[in-house]
C-alpha cells in the first residue's frame, strides 16, 4: 500500500523503514526539513515539504499514520483535516489518552474521515523485532489496513505457538489485534504500560534486596534513632547481580524480555553508575490508575509502581518533612544528618 | 512506693518527676554522673552511684524501672540480675521487641525475679499529659505495681468518658492496661507505633496534595519525558496549610493529637524549611510488619508508611537507577536532568 | 440571618437545627412533604412547598444552602437559578467534586448569582459538636455569610488553643475557613476525606494484627500450600481490643476522634459481628488519588486505603483468580478449599 | 555421577528423570513404597527401601539430593546425618528459608558433611525446559557437583545470548549459578519468588482493569453510598482478554513466560471460572519482605503483591468490619447489602 507517515523520530522513522522493507510505499513528513531529507536520502521514501504535499501525493482513500508526541496530536489533526477528504483514514500510533481518541473519532467522523487509534509497543527494538499493535476503530476500516498492520507486527513465528491456539481465528498470534471501537486500542496500550511499570518495579525492588544482602558487614550505627540489625550474620552475601540476572533468563518462572534488558544493563554497568535514578513517567501509568479508580478495581501494585517514580523525582519531599516535623513535636526527635557519601 | 529508675533521659527523667509528684520515692541512676547529680539536685531524688548502691537503697521486694535504649537493655539486665533477689521486680519501660521480653521473662524467672514489659507512649509531653502504659507480666506482680502505673498514667479525666463504659471494670479508662503475659505490653505498643506511622503518613500525603494545589500555575515542561497536565485550571489554589491544619482541629472527623502537633509545626514554620525530610524509624514499625506477615494479616497502609521512611533516606536509589536503566534499554529514554532548585 | 435550606436529611436537618439555636431564621424545603412538615412541626421553621415559595419567603439578597446528594446538585441548581436573582447566594454544603464547583461558579456568575462551595465535616455528631467548614468563593460574599458559618462551626473553645496561635487573625480557630476561590472548599474537604480513609485503614490494620495475636494457638495446617508459622510461641496472646482502644485514648500519640469512635464500636460489639465488612467509598477518596496523580504527588498510603475498600467489596476477584490460574499453570498448584467457617 | 534423590514428588521425580537422561545414575527414595517402586519400574532407577540402603548403595564421597517439603527437611537431615560420613555432600533443592541453611551448614560441618543449598525454579515444566538453579555452598564442593547442575539446568541455548556476554566466564549463561556461601542460593531464590509475586500481581491487576472496561454499560446504582461513574461513555469496551494476552506475547515490552502461562489459562477458560481466587503463598514471598525490612530496602510493590494473597483468603475481614463500624459511628452509614450474584 501507499501511505503517509507524519513524524520521523525514534518510532516513526523505524516504522517507516519496516513498512518499506515489506514493500509498502512511504510518503513521509517531519516538521524538520533536515530530518525528512536525511530520511528520504537513506531510504528512498518521498519526503513531503508540507502536509498539503503529502495529501496530494497520496491516492483516495488516503491513509496517513501519525507518530508524533501526544502534545501535538490535536494540532496535527486540525491541519490534516483541512487536506483530507471523506473516506480517508488517519491512524494515531502514538501514546494518546484513549479518552481523546473517543472525542477525535467523533469529530473526524463529522468530516467523513475515519480515525484509528493504535497503541504501539516495541521501543527502539521494533524495527528488528516488530511492533505489538493494539488497535481501535471501525471494523471495515481496520480490516482495510490489514497489510500495514501485518507488516509492522512481529508475525506468528516470533513466539512459540500455544497448544490449541491454532484453532482460534484472528490476528492476535501475528502480534496485532483489533480491540474494539475508537479508544479501545489505546485503552489496551494504557493497561499494557501500567503493567509494565509494575513489572519493572518488581524487578527493581528485588535486585535492590539482592544488592543490600551484605548489610550485616557494614558497621552498625548505635543511637536512639537507628534500629540495630538483630542478625547481621544473615546478611553477609556479596551477590553478583549481573550473573543473577543472567541465570534467571533460563528456566526460571520470571524470565521475560524486561529481564533480558536488565541483564544487558547490569552486564555493562553493574553499579548502574550512569544513572541518577530520576525515573520519568509518560502518562499511561497515570491514566491506568485513574481508569482503575473509575472501575473501582483495586491496583495496589500498579499504583505503588507509579508512586515510586514520583518519589524518585523528589515529589514526596514535603510529606517527608512533615513526618520529621511531627516526630520532633511529639518526641523531640531531631533528624539524623545525611550520611557522608 | 519506693522504686529505682535506671536511665534519666527524655523519658526516664520526666517519668521520675511525675512519680515523685504523686508521692513516690525515687532512687535514680544514670551512667553519667553529671546527669544523675543534676537530677538529684533539681528533684531531691536519691542519686545512686551504681546499680549496687541502688539495690542496697531499695527494700525487698525491690522494684526497678529501666528506661534505657533498646540496645543496652540486655546488659543492664545482666548487671541487675547480680544484685536483685528472688521476689524483686524489674520493669522495662523502653521500646523493646516483645520477642525479647518473652526470653527475658523466662531467664529472670530462673532467678526468681519477676519481669514486666511496659510499652510507654507520650513522648516529651508525658510529664504533663501522663503516659499511656501497655503492660505485660504476671497478674499479681502487675497488680502490686498499680500505684506506680496509676501515677504515670493520665487518669480517667483526661478524655471524655464513653457512654456505657463506666459499667466496665478495669484500668483502661485510667490510661494503663495489663494486656497479658510477658511480651503482651510491648506487642500492643508495637502495633500502636505501626498505626502511628500509618496515621502520620496519611496526614503527610494529604498535606502534600494541598501544597501542590497550585501546580496549574507553574510553567509546564513540554518534552517527550513529561506528561502534560491536562487541566491546569483545576490546580490554581494557593492554600494556607497552617490554617487548614487549625480548622481541622475543630469538629472534623480527622481531629487528633497528631493533627494538633501538625498544626503546631506548620504554625511556626509553614514551609518546614527546618527539616530535610530524612525520616528515622525506630524498630516498632518494622516489627509490626513482620508480625503481620507471621499472622498473614494484610497491612498495605502500615507497610507503605514504613517504606516511605526508608525511601526518604535514599534506600530506593538502586531500584530507581534500575528502572531508569530499563527505560534506556527498551526505549532509549535518557533521564531528565535534575530540576534546578 | 434569614436563609433557606434545601434538603432535610441527616446533615441538612441537624444543620438547620443548629442554625436556629443560634438565632437564625430558617425557610426549609425537602422534596418529601412529610419530612418538611415534620421538621416544621418540631422546630418552628417555615416549610416551603416549593423552591419558588422558598425564594418568595426570602429577602434580597437571598441566601440558600443546599444539603442534597451529589447526584442531584446540578438539577437543584437549574431549578434554583430560575427563581434566584442577581446578587443572591447559593451554598453547596454537600460532597461535590471541586471540579464541578469551578464550572458551577462560572455558570451562576453569568446570572449574577454567587456560588459558595462548603465542605462540611462532622457527620451525625455535628449538631452537638459543630461542623468543620471548608469554604470556597468570593471574598466579600464569604464575609457576608460569616454569621452563618460561625453558628455552624464548633467555635474556638472546642479545642485547646495552640501556643502563639492567638496572634494569628482569621476564623480557622473557630472551625471554619475561607480556603480560596470556588472549588477550594471542596478541594480541601476532598483531601480531608482522603486522609480520613488513610487513618481509618491504619487503625483497622493495627487492630487486625492485635486480633490475630493468638495465631500460635491455632492448629497449624501442614501441606505444601501453607507456610508453617516458625515461632508459634510468639503468638499466644488473647488481647482485649475494647480495652486497648480505650487505653490508647489517654496519653498516647495516636489518640483521636476516630479512635474514640473505634472504642465505642468495640465496646458494644467486640467481634463487630454486626458488620459484614463491605466498606463503601463516597467519591472524595477517589478524587483525592486522581488529584494526587495530576500533581505527581506520591500517595501510597491513601491509595492503599482506597483499594482496601474496593477489595472488601469483591472487586479484586478476577485478579485473584488469574493469580491462582498462573500458579496452576507453572506449578500445578491447586487452590486450597475454603476453610469451613 | 551416581547420586541419591530423596523425594519423588512433582519436583524430585522430574529432576531424577532429567538427570538420568543426561547419563547420571540415580538411587532414589520416597517414604511411600508405591511411589518409589512405580518410579523404579518406569525409569530403571534403584529404589532404596530406606535411607540406610541408599547410603550403602552410594560410593564415598556420597552425594544425596533432597527434594522434600520444607517442613520435613530438618528431620530428613537428622536421619541422613546418621548414615552419611565425613566428606559426603547433601543438597537441599527445596524451598528452605536461607536462614535455616546457615544453621544447617554449620551443624553438618561438625560431622564433616558438606551442605549445599540450591534454589530451584522451573515448576512442572522443568523436566522439558530445564531448571534454573541458584546455589549456595563451599567453592570446591559446588565445583565437584558441576555435572549434576549442568544436567539439570536448561543450558546456554535456551535463551538468546546477550551481546558481549560470551566474554564473561562462569555458568550463569547455562542456567545455574554458585551465588555464595551457605544460604546464598536460597536467598537468591527467595528474592526470585518475591519478584514473581510482584509480576503476577501486575498482570492480574492489569487484566482486571481490562475486564471491567465495560462498567459504563452496567446500570448505575443511585444512592448516597455509591459514587456515580461520571463518564460512562468512556467505559464501553468488551475486551477479549484471551486475544490481548496472545497479542502481547509478540513484540511488546511485557512479553514473558508468565504472560505465556496467562495466555494459556485464558485460552482454555476466559472467565477463569474454574478458580475461586484463594491464592496461596508458600513462604518465600514472606521472607522476602522480612529481609527487605532488615535491609531497610523499600518494597512497596512486592509487599502489596503479598498482601493481595492474604486478602484473597479473607484475612482482611476484621479490618474491613472495623472500617464499616467507624463509618457507622461517625456518619450513621449502614453497609450496603451484598450484590445478588
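Read from first to last, the chains carry the letters A, B, C and D; within each, the first residue is number 1.
The working rule: a residue touches a chain if its C-beta (ideal position, glycine included) is under 8 Å from a C-beta of that chain, and two chains touch if they have at least 3 such contacts.
Treat the numbers as computed from the prediction; the structure is a model and nothing was measured.
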Using the contact definition given at the top, which chains are in touch with both chain A and chain D?
B, C
Both-way neighbours, i.e. chains that touch chain D and touch chain C
A, B
Chain of greatest Cα-centre distance to chain A:
B
Chain pair with more C-beta contacts, B-D versus A-B
A-B
For chain B and chain D, let me know how many angstrom lie between their CA-based centres, rounded off.
38
With chain centres taken as the means of their Cα atoms, state the distance from chain B to chain C in Å.
29
When centres are defined as mean Cα positions, the distance from chain A to chain B in whole Å is 43
Among the residues of chain D, which ones contact at least 2 other chains?
123, 201, 203, 205, 207-208, 212, 230, 253, 257-258, 264, 286, 294, 296-300, 304, 307-308, 311, 315-316, 319, 330
Seen from chain D, its contact residues with chain B in the complex are 253, 286, 289-290, 293-294, 296-300, 303-304, 306-308, 310-311, 313, 315-316, 319, 330
What residues on chain D touch chain A, complex-wise?
98-99, 102, 121-123, 126, 129-134, 153-156, 158-160, 162-165, 168, 170-177, 179-181, 183-184, 187-188, 191-192, 194-199, 201-203, 205-210, 212-213, 215, 229-231, 233-240, 242-244, 246-260, 263-264, 267-268, 288, 291-292, 294-302, 304-305, 307-308
Per the touch rule, the chain B residues reaching chain A in their complex are 10, 69-71, 97, 123-125, 200-201, 203-205, 207-208, 211-212, 222, 224-228, 230, 257-258, 261-262, 264-266, 269, 272, 274-283, 286, 300, 304, 308-309, 311-312, 314-333, 335-336, 338-339
